[in-house]
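The following pair of complexes shares a single chain, subunit A, combined with subunit B in the former and subunit C in the latter.
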Partner chain A sequence: MVDVSQHKLVPEHTKLDDEAVEDVLQEYNVEKTNLPKIKLKDPALPEDAEPGDVIKIVRNSRTTDKAVVYRLVIE
Partner chain B sequence: MQTPKEIGSIQFGLMDPETYRDMSATKVITADTYDDDGYPIDMGLMDPRLGVIDPGLQCRTCGQHSGSCNGHFGHIELAAPVIHVGFTKLIRRLLRSTCRECGRLSLTQEEADEYRDKLGRTKELGDDWSDVMKSAVRQARKAHRCPHCGSPQHDIKHEKPTTYYEVQNVLAGDYSERIAEAMQPDPDDEDDEGVDPVTLANETGLDAERVNQVLAGEFRPVGDDRKALEKALDLDLTEEDMNKLMPSDIRDWFEDIPDDDLVTLGIDPDRSRPEWMILTVLPVPPVTARPSITLDNGQRSEDDLTHKLVDIIRINQRFMENREAGAPQLIIEDLWELLQYHVTTFIDNEISGTPPARHRSGRPLKTLSQRLKGKEGRFRGSLSGKRVNFSARTVISPDPTLSLNEVGVPDRVASEMTQTMNVTERNIDEARQYVRNGPESHPGANYVRRPDGRRLKVTEKNCEELAEKVELGWEVNRHLVDGDIVIFNRQPSLHRMSIMAHEVVVMPYKTFRLNTVVCPPYNADFDGDEMNMHALQNEEARAEARVLMRVQEQILSPRFGENIIGAIQDHISGTYLLTHDNPEFVETQALDLLRATRVDTLPEPAGENEDGQPYWTGQQIFSELLPDDLNMEFTSKVGDTVTIEDGQLTQGTIDEDAVGAFGGEIVDALAKDYSKTRSRIFINEIASLAMRAIMHFGLSIGIDDESIPDEATAQVDEAIDAAYDKIQELIEIYEAGELESLPGRSVDETLEMKIMQRLGKARDSAGEIAEDHFEEDNPAVVMSKSGARASMLNLTQMAGCVGQQAVRGERINRGYEGRTLSHYQPGDLSAEAHGFVENSYRAGLTPREFFFHAMGGREGLVDTAVRTSKSGYLQRRLINALSELEAQYDGSVRDTSGTIVQFEFGEDGTSPVKVSSDDENPIDVENIADRILTSEFSSAEEKERFLGEREPPTNLSEHAEPRVDARAGVESDD
Partner chain C sequence: MTEHDATADYEFVDDAIVDVVESKELSRRLKDRIYQTIEEREGVSFEQAGEIAQAVEARYLDTRVDPLDPVGTVSAQSIGEPGTQMTMNTFHYAGVAEIDVTQGLPRLIELVDARKPPDTPMMTVYLEDEYANNRELAHQVVWNIESTKILALGDISTNVADMVVQINLNDETLLERWPTYDDEGVVASEIAETIEDALGIKTRREGTLIEFGPESPSYRRLLQLVEELRDIVFKGIEEVSRVVIRKENNEDTDEEEFVLYTEGSAFGDALAIEGVDASRSTSNNIHEVHKQLGIEAAREAIIDETMNTLREQGLDDVNIRHLMLVADIMTNDGTIESIGRHGISGSKDSVLARAAFEVTVNHLLDAAIHGEEDDLDGVIENVIVGKPIAIGTGDVDLRMGSLDVEDADANAAPEPSDD
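Let's turn to the complex of A and B:
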């Protein structure tokens, strides 16, 4: 099967550890549930992602080179 | 004035009938409204305790007069419960998911817990919790027996709008016949000997005696007996029985549903008990919500709601009378249904399957739902949008002498829209003069307000007298005068540039006047378009409008990040004529070209002509409008390279790509690198200069401008004939069955495609031939090449060949069987039989060509009409979906629940209008730094300005110091 996470158009998805998650929530002053969501079945997710995890996505951007986005994994 | 109160929260839920009774000012028992003397009847629908509408009368509940009393609800005690139409779906769900015996939700404890968890999670994530409810109901409906009391459950059938049946399978009436038949041997099967009663008794475990009784129809086999028989004989002994659930049954049922089970479904039992969905008491809206009006002939005309309430009370009374008289069940049920109908239509009169209640005249009544729903409803018609004061609407017309920031306002509009002047020491004389002028002569005043709050109307009679009375602290509502800021709008307001602030210039006659360069942002033309103007009523609004909404602030469009305001149409033809061949002008001509600009001295002449007079070139004159330190290089639309060095145009044609709206390079650069004010001045002056230029040269077209020499016409004919020959060849190959189909297409499609291709080529070559024969200075060519108007295709069609007409992207194939018109043989595949127009517009179309052309044209019209309505709806939905998103101070975009939509606005936190139009350098830091450094070190003055020793004024009105600043050299005011 094709591993879409290796495709050049799929940005890098990494799972954040608890400490990093705390930092993100603190930075934006939000609850986990206020983050954008990503479905567990999304093939771009890392293997070990579980509902409740926060994923960091780094995209290439025309204007800022890198754009960082966080998403909460849901069922 | 009442101070607005802040709303802390809003709770939606059902209302307890007891609450209806508690809040009721009176019970309503008679359907009559007024007695013979015209007084409202006690406990009638117009009872004075429900509020007052006639001025002078006192409310019997709160003692206030009409205007201050908002009115009070009454109530009707319904003779029998009825279903509230607004909740029929929820009622159905609850009936299906709860036990008919014990009222509990038909889910096991584990299932219920699971759904509760899911509900909590869904609410937390901000998703739609009603999906969870739906799936819980679906699960509960599967249970054939109540998991709590074990009683069997039946299916619920919902007959819209308000009837519910319980469907159960009962023993069929002809059970004995069915059994006997099944026991007979199968005539088609020789081995089948049938079943005799003894075997049947053995198989089912019934007594032989019983079996005989069953067969004789003396014993009804129910429950397990029935099942055993059905299994042994492989047949169905049941039939459906529909048991109607009366509203009272449903109410009893719902009363049994425990609070806990409701929570599982997402219902808050403290606020919304399900039995409250079945009405036993009907609230009667206050008379203020359904005022009666007195017609000219003295007759009273009642509101639709009152009419409906009259119906309800009448039926309610008849119901009670009949019940007391012990009427038969059938009659009671009919009356019950009638009561249900009237209550239903009182709430919603547009239910499918129910005939709408009508007025005597046949017009459907406008009841509660109809007041709220739709475009004219309370939400969209009265709350989101409403008619406002201080607004005017009239036809627009062009005025090239205005600045793009200005709007010409008819004097009669200016004397109607007022601005409030607070009288102070500094403006008292001015204020008195306005009042003295009265309401009718233009810069006058319509009202004054004394410090005690009394408002006095200024009239022609009292104005002299009143003017003397005006003192400090008074307010004077004076007419709009030149320089006032107003908001100007053209519908449809599709982007933010559809509403911009303009400065008033009061003018005679009846139309609003605009500079033509603001047509693109408003998408306006002058074929009868009307626009709206709003006069601003407080200082904050005026300041915001001036700083944020003024036209010059909107030169750059956030839609594509380039200028949307710039030269259009004749402006572009004008600059083209001025710069393309770089013509020469003597002094009077040069000064005439520049007369409407702030330039009043000419530079060094470019040379001397034969007569020994000094002359200036077009490029030189154009350069007078550019800032002295402008340097640019780009390719023009015409295709030559435009070079600007130190504010001098040294080569190139100024056309659409240089100064046009929608991304003209120079305008864009000025707006981004200089200031909004500088670009406003530039655009104004370009428009003026271009008008002067086009008037100098003259630009007009006539039919001869589109004619080409005979030899060119011959060439066109030749090209078309060649195409015809080629097509004939193709058709022959096709008919011989030798045409090879293209990948993924049938042979027929391939042929069509090839013919279309060939005919397209024929038209293009006709266009090229025509183009070759046009003069360079042909006005149509000038307009098309400079980008002012029309495309080369339009010229091709006028001079060469109109070309293939298409419907649905194909050659015209519809009409008769096998042919488009009866002029052709069936199966004729030639170009002319399928809508190829070989003539040009100038030569004229043949009748058949004309007909095909009309077919294509009609499709275009229909498409546009459909597209606009579809995109309008799409836009509405998009706006509703995005309206709650907000960019926060930390740069993130969140919705009202605090959910993050973007971590950084637009991924980069930059406004599209602040980004460079250069594709390679989205933010051209180097260029900006470069420019600032050079300007800093080029001269001491510049350095001073860089250091900011003198703050430039903010958004001065153009009228503040009329063009003085501008003449002295441009200061930024933004």
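Let's turn to the complex of A and C:
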């Protein structure tokens, strides 16, 4: 099986713990469900991710150095 | 992160610095970054801290999108205007490495429509380590990717009198395409087996000569067998009809390497082949990228493909942010959604907005049947009913009057007069 995370198109995906999720939601003043989504079967997801988890994605941005975005894991 | 005392967390940050930083219109994260920077520099003077905070705030406010700025509309205009110029200069194909690829407006439409599969799927396959430098090894990968059919391996002759099909395989070609074998007879027997499995008939083999015919003499069946024989894939990926090998300069290592361009795409199969660099190879089929690498990679691929399409047409002055916004919207729900009736525009909340886009009567009829309501929040529905749209100054209510001097801050703007 190919290691997806090594591909240059795939940014780093990490699972956030509950406390960090709270901080993120508070910073942006949004609900969890307002976040962009990522499917559970997405090959780039960390293995232990479950629906309801928030994934932190650190992209190599085209307009700045790094761009951090969050996606909510859904079925 | 909640409010906390920065002076306690950072050794080189004192109350005066905290005061000046906290007074700036910055997000918590940026303020913390300023403290961290001061900490890393091992302390700066109060004036310097003020200047840093000032510069960060200025840059932040400068790059921030104005409140109520219609970013989507601006993006649509910014991509649409160059699009009108594309219509005039292309509606044909142009080759990259002798492979025909849809370009220009048709390609752009295909991308935002998320059409699958694309008109001209292709892959760019990079090779690993020694495969990238050694022509023979690179060719091994080519034979594993390019679909090999019978016509590439030898001559077929149909003997109608004896009701047999004869295949005269070319020895050299066999050994070239199956480099792991050193006897063409073994390869030929494997080919004979493949034919038997695919056509469900018996074959006779003598050296590299394979012969077979229909079970009972039938002219029609004989021709049918020849037709089917031509479509059998003996080696490689069925979807890939042709592979072009090119020597290119690797930008990272500044060395020459072999790169394969394929006509046809099967991204998942290609990544699994030995010698293929699974960290760089790509496909122009965004759905395959999504399936193999996930939604974030698909987003990157959409941006890359749209930007390249525009660049080929000399329209690269379109700001990348517009394409990023398009890609963000298309991948927002975790799958690739098209922009159009079946995707984004068709899933809008407003009945009137949907009706204004396409198939007006259907939308209005459905809405009437289901008793839908329209909150009139968006642009299109407010244009239709003739109300100001809730964008920019349209969402701000202005009222004229005088300030109550007692409540007003001493620094407030001069009191507006009523005349």
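Here are some notes:
The working rule: the second predicted complex is superposed on the first by the 75 of 75 C-alpha atoms of A that agree within 3 Å, B and C clash if a C-alpha of one lies under 4 Å from a C-alpha of the other, contacts with A are read in each partner's own complex, and residues count from 1 in each chain.
Everything below uses one rule, namely that a contact is a pair of C-beta atoms (placed from the backbone, for glycine too) under 8 Å apart; a residue touches a chain by one contact, two chains touch by 3 or more.
Since this is a predicted model, take the numbers as computed values, not measurements.
In the superposition on chain A, A:Y70 makes contact with subunit B only, not with subunit C.
When the shared chain is aligned, subunit C comes close enough to touch A:L45, but subunit B does not. Contacts of A:T33 after superposition: subunit B is touched, whereas subunit C is not reached.
After overlaying the two complexes on the shared chain, residue contacts for A:R62 are found with subunit B and with subunit C alike. After superposition on the shared chain, subunit A has more residues touched by C, the comparison being subunit B against subunit C. With the contact threshold set out at the top, residues 36-37, 59, 62-63, 74 of subunit A are in contact with subunit B in one structure and with subunit C in the other.
Those residues of subunit B whose C-beta lies close enough to touch subunit A in the complex are 124-126, 890, 892, 894, 897-901, 903-904, 907-910, 915, 922-923. The residues of subunit C lying in touch with subunit A in their complex are 1-2, 27-29, 271-272, 278-280, 282, 289, 291-297, 300-301, 303, 320-321, 324, 328, 331-335. Listed in rising order, the residues of subunit A touching subunit C in the complex are 2-4, 6-11, 13, 23, 26-27, 36-39, 42-45, 57, 59, 62-63, 71, 74.
Interface residues of subunit A facing subunit B in the complex, by the touch rule stated above, are 28, 30-31, 33-37, 59, 61-64, 67-70, 74.
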